[in-house]
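See the structures that follow.
Shared chain: chain A. Partners: chain B in the first complex, chain C in the second.
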Partner chain A sequence: MTSSYAEAPRERGLRAAVRRTRGLRSGRGLPFVLPYLPFLIAFGLAPMIYAVKLAFTNDEGSWTGLHNFTRTVDDYRFGPAFKHIFVYTGVWLGALVVFVVVLALLLHGRANRVSTSFRFLFYIPGALAGAASVLVWLFMLDPSVSPGAFLLHHVLGANLFVESIAPGHLPFIFAMIAFWTGAGGWIVVMYGALNTIPPDLEEAARIDGAGPIAIALRLKLPLIRKWIAYMVILSFATGTQLFVEPQIVNQASLGLVPDTWSANQLAYQKAFRYADFNAAAAIAVDLLVIGLFAAVLIVTRTGLFRTED
Partner chain B sequence: MRSVALGLRLVILAVFAVFFVAPVLWLILAPTKSDHALVTGSPFSFGSFHQVSLAWKHLDAFSDHIFRTWIGNSLLYAFSATAIVLATAIPAGYGLAFGTFPGRKLLLTLTLIVMIMPAAALVLPIFLELNSLHLIGSVLAVILPFSFFPFGVYLAYIYYATAVPPDLLDAARTDGCGEWLTFRRVALPLAKPVVALVFFFSFVADWNNFFLPYAIIADSSQYPIQVGLSDLLSSTPSFNPAQGGGGQQVNIFRPELALATLIAVIPVAIVFLLSQRALVRGLVGGAVKE
Partner chain C sequence: MRGFEGSAAVRSRWRRPSWTILTSLAVIAIAVTVSACGGSSDSGSTSSQAATASKSSSAKSGPASGDLTVWVDSVRLPVAKAYAKAHPNVHLKIVTFDGDANGATTLQTKIQLWNRSGKGWPDIIFSEQVNDPVWMAKKPFEYAAPVKGLVPDNALSQWPAPSTAQCTIDGTQYCVQDNLAQVVLWVNQKLMHRFGYDVPTTWQEWAALGQKVATEHPGYIIGNSGDSFSHWVYLWSGQCPLQQLKSDKVVINSTDGHCTRMASLLDPLIKNGTVPPLSVFTPDFAKKYGGAKDKVLLMPGPSWYATALFHDTLHIPAGQITAAMPLKWESETPVTTGQVGGGPWIISRHSKNLNAAGDFVTWATTVFNDNRPGYPAYAPLADRWLQGLADDSYFAADPTPALKGAANLIWKGWNLVTYPDQPVWSNTVVTKLVAGKPLSSLLQPLGDGLAHAAEAAGYQVDRQ
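Up next, the complex of A and B:
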């Protein structure tokens, strides 16, 4: 499977030429795409368009311009919610960039079997996404049962569960949960990217007298920059959509943590508690714009995904 | 000097390994102990299998066996959506890779953008859309949105575009196969590796999805396990002292919660282990350009 990728560029040129000569039967392939199209439209494009329509109209369907956006921004919970998700995303991104890159570099220099075992160990929590990972961490944050009780006590100053999840800790706690479940997957990706660096390049640097740290920083790091950019943009977009973690902690904390902690939660409450679908749509559109912007940036700028052969 | 550097490296790796693995280990051991033993005993000790069966008895009794229903629902949602994903994404990837129809590039770009966009960004818009169509609360309102999985289409596309030589398909056409037979006899049998990959990603994404079913399903008997877990959490006095006193006696304490979490993870863990090798190769080899 892997060998066919190396010859891609020359092959592609040839194939494009062949396709042009075969282009007589244009329209070929369309029937194969047809079953997928309704799904793309119904659950990809239509919801976005409908949310935009709702965001610019009132409950009677008449145009209101930016009114829904301004009134949601004026909501006293809007500022804190966006502040929370940006602090959380910042902490998470920082941890991802530093630790994922460092760990991948450390693993890349290792003997193969050691490296494989560590990658597997780091990857394990990936199986526990969603509500399960949050539940695991609720246990870990409860000083009465946590194996890390001494850390909770000394780092967070917490002797009780409610002290562990004090408001100031939350962005860090959510960042840690996200890092715990997702970092292993990214380490695998970065490690794979490091493996695409030709060994002769490293050998040449070594002959020139570069030590392992210099090789890591000056040779390997610049060569995986694209992947780091990809990870940062994608995680930024994902981070801003935070919902599960604060929602579950809200349920576990007797309302100590508000149910409008993150922006997506606020949008959810607008729809479910107040049945204000236009306000919910306005916040959803704010978040959609962030997600779309990041996606377009990745597709057009990083060159990691092909749209043409 | 060299050995110091080597030692330091191993220490850093080991510290992170503990961070990643210790919570999982704790979770596996927790159901073997009573709530009291969890508080007083050593966190990584093993209790007894008797305790596990006791915890299961309590968990199973919760709300008239609803835990089984949740697991069943999750299996139903994840398997049916993944079946639809396979039936639509594999042909779509094929059509996008070898097709010549107008709008092919646009379709591919749209697929790519929706695929990279975080799924959570679409949940409320999907909810608002289904709500306006009065489809909220039905099982299909979960399965159908789950069945839209652009990443699967992209995986199939990239596989066909890079690993299947077009000449092979041309040969089939020359032999008199129509478009459908060419796909059915040549392209589909070649798709085995990518079918496994799409199955894995789609199944895991559906199984772990919390937000969409949480927004769309109101009746707790239709919850998937992820939403069920949060329901279980809010009914237990372990984190919610108010529940224990005045509320109903549900017998759900930390060991039961840990067991519920553990069971909720098992299907994904099995899929993870089965496809680990293919996955690690596919993640870096097939999913992206390099």
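Up next, the complex of A and C:
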């Protein structure tokens, strides 16, 4: 992300050559994608097309244009829900990128044994499935039982569970839960990415007089740029689609946290409480568009799919 | 357990509103699924006695049999189990769920799903949410079956008129209330004696006592304001018009004099710590005020607090608690009180076994009396239940006169609507009370929130 790469004009010729061989390659790749294809269609594309269809029609199936979109935007819960998920995604993504990359780089610089045990430590929380990890956090956030009670008291000013989950704290708390459960897996992935860097490159840099910090920032970081972009795309979609954390905290707090805290929850409520599947689909399509937009932006900015470099 | 590098993919799948999510949530919601079938050999005297009584009081078309699925909250689990024991011919499947407590919308989402899939409806549902039958009787849910013909007429006529009214939607009765949930003033007689205080009879005396307690015995409380239903205790009692149905409109006037005067009365007490904005069902509350600490001096609350809260949750020792009549506003008459719960039994119109379903509901509401948690709505059973309570050594004095006296005082100006109002109270008021804002400043947002919820549920709103 700090890297700036000037493209030499001759690379354009190279790229044309790559394009020529691509037709051949995609044929060869097909058997590898084939097992995944039915699942992609059944659980990815088909529901997406169905959602798009629902979003532009009413419950009788006739075309309504953007009506479902405008009326969901006008819903009094729409604004707050989207505001919540954007604050949350911002906080979480920022923390994720910075900490995951820094920790992975630090791990990679360590002696092997130390780094193995740390990798394991980082990964452990991720072994808990989504909902279970939130349940763990319900205890972590309750000052009367939490091992981090002094932190809750000094950082959040909370002496009671209801104070821990005050509305202003929620985006940060959910970000903390998501980071704790998800970051470990990504650190391991980044570590794997760092291992693909040929050791002679590192050695050459060292001979040229680069210290560990220079190697990390000027050599390793640019080389795992695509991995970071990949993480950001997936995590952005995950972040804006937040559901499990607020849903469980809603139940655990006896309703203090609204059941439409996130956009995804609002869609869920629209569908299953108000039987308004068209409105729910419209919100789902909003989320899809946001996710796609972010993905396109990141892909074009980082050259994620460029194969020649 | 997640795969090695697939962790992100798995995680993102978690967040999508896919069927995986829905089923996982169902698993969370349905905490326990108990399949209680057949009778055991040690059926106690109560059960067999109950079974005979059931036969005499219930349906015309022979003893109940066949398959029956019932959804209950954890509090109603014993009655379902007892029914299964007393009726070996009925193959009962019991599912416990959150009971829609605190304004959750579990049932709405589940019934939506069953309606869409065209199967899966349980025969009977118990809901903690007294307003649930209102939407269950209407489109698009249309789950509830009229109870007439399923519960015998001579039994139906024994429910108090206000209770029947709460179950009657557009002229048809769709449910029977399990219990009445009238608000009374719970009193810790032992503490009151020790401190030399008199039991207040008006809200003003109660508030004055709160000021006194704050200075003389700080740490003790005379109520609480942090439950999802605290507005039913204070604002319903105080005749604050937050949901009045007038023809097709909901009248919401959260800044009516009845609301503001109660808010001004409560504010100093919330501030001085004698009416903390905490829920009685949180571990924090039990830790600060329950058990050995024993710091609940007074507590306006529903009839079912008797054992469910004081004994089972807060573990307050025997010989301390009793009930007093609901507080009145100065010398205003008639005295009115609030209601917290009064959960209904609803029979499914999709049921294949309506005969057994009717028998179950009749038995649960008119016969079952063994460790019953709440004041029975069915009047003849209420007398027997109250007798049991009067003889119960747990109470410092007989709480039954107050409970019986309050049963008919529930203010009728609070109508049941299709949307739950508790989440609005919790989100807009309780969270702010916790943050130190006065209740008086939150009445306007409360009204706005309720108006939003009403409009989203399809009501026309009349804000005054």
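Please note the rule applied: the second predicted complex is superposed on the first by the 245 of 309 C-alpha atoms of A that agree within 3 Å, B and C clash if a C-alpha of one lies under 4 Å from a C-alpha of the other, contacts with A are read in each partner's own complex, and residues count from 1 in each chain.
Definition applied: a residue touches a chain if its C-beta (ideal position, glycine included) is under 8 Å from a C-beta of that chain, and two chains touch if they have at least 3 such contacts.
None of these values were measured; they are calculated from a predicted model.
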Partner chain(s) touched by A:274 [first = chain B, second = chain C, both, neither]: second
Which of chain B and chain C A:29 touches, first, second, both or neither: first
Partner chain(s) touched by A:75 [first = chain B, second = chain C, both, neither]: second
Contacts of A:259 with chain B and chain C, given as first, second, both or neither: second
Per-residue contact with chain A, leading partner among chain C and chain B: B
Partner chain in contact with A:188 - chain B first, chain C second, else both or neither: both
Which superposed partner A:98 touches (first chain B, second chain C, both, neither): neither
Touching partner for A:166 - first (chain B), second (chain C), both, neither: second
Chain B versus chain C as contact partner of A:204, first or second or both or neither: neither
Partner chain(s) touched by A:155 [first = chain B, second = chain C, both, neither]: neither
Doubly contacted residues of chain A, that is, touched by chain B and again by chain C: 43, 47, 126-127, 129-131, 142, 144-145, 161, 184-185, 188-189, 192, 234, 237-238, 241-244, 247-248, 251, 253-254, 264, 267-268, 271-272, 280, 284
Residues on chain A engaged by chain B in the complex (per definition of touch): 1-2, 4-5, 8, 15, 18-19, 22-23, 25-33, 35-37, 39-40, 42-48, 50-51, 54, 99, 102-103, 106-107, 109-110, 118-132, 135-140, 142, 144-148, 161, 180, 183-185, 188-189, 192-193, 195-196, 212, 234, 237-238, 240-244, 247-248, 251-254, 264, 267-268, 271-272, 277, 280-281, 283-284, 287-288, 290-292, 294-296, 298-299, 303-309
Chain B to chain A touching residues, read off their complex: 5, 9, 12-13, 16-17, 19-24, 26-27, 30, 38-39, 43-44, 84, 87-89, 91-92, 94-102, 104-105, 107-118, 120-129, 131-132, 144-145, 147-148, 150, 153-154, 158, 161-163, 166, 179-180, 183, 193, 204, 208-211, 214-215, 226-227, 229-230, 233-234, 239-242, 254, 257-258, 261, 264-265, 268-269, 272, 276, 280-281, 283-286, 288-290
Touch list for chain C against partner chain A, complex: 1-2, 4-5, 7-9, 11-12, 14-18, 21, 24-25, 28, 98, 101-105, 108-109, 112-113, 140-141, 226-228, 277-279, 281-284, 287, 422-423, 426-427, 430-431, 434-435, 452, 456-457
Chain A residues touching chain C - in the complex, by the definition given at the top: 43, 47, 75-77, 126-127, 129-131, 142, 144-145, 160-163, 166-167, 181-182, 184-186, 188-189, 192, 231, 234-235, 237-238, 241-244, 247-248, 251, 253-259, 264, 267-269, 271-275, 280, 284
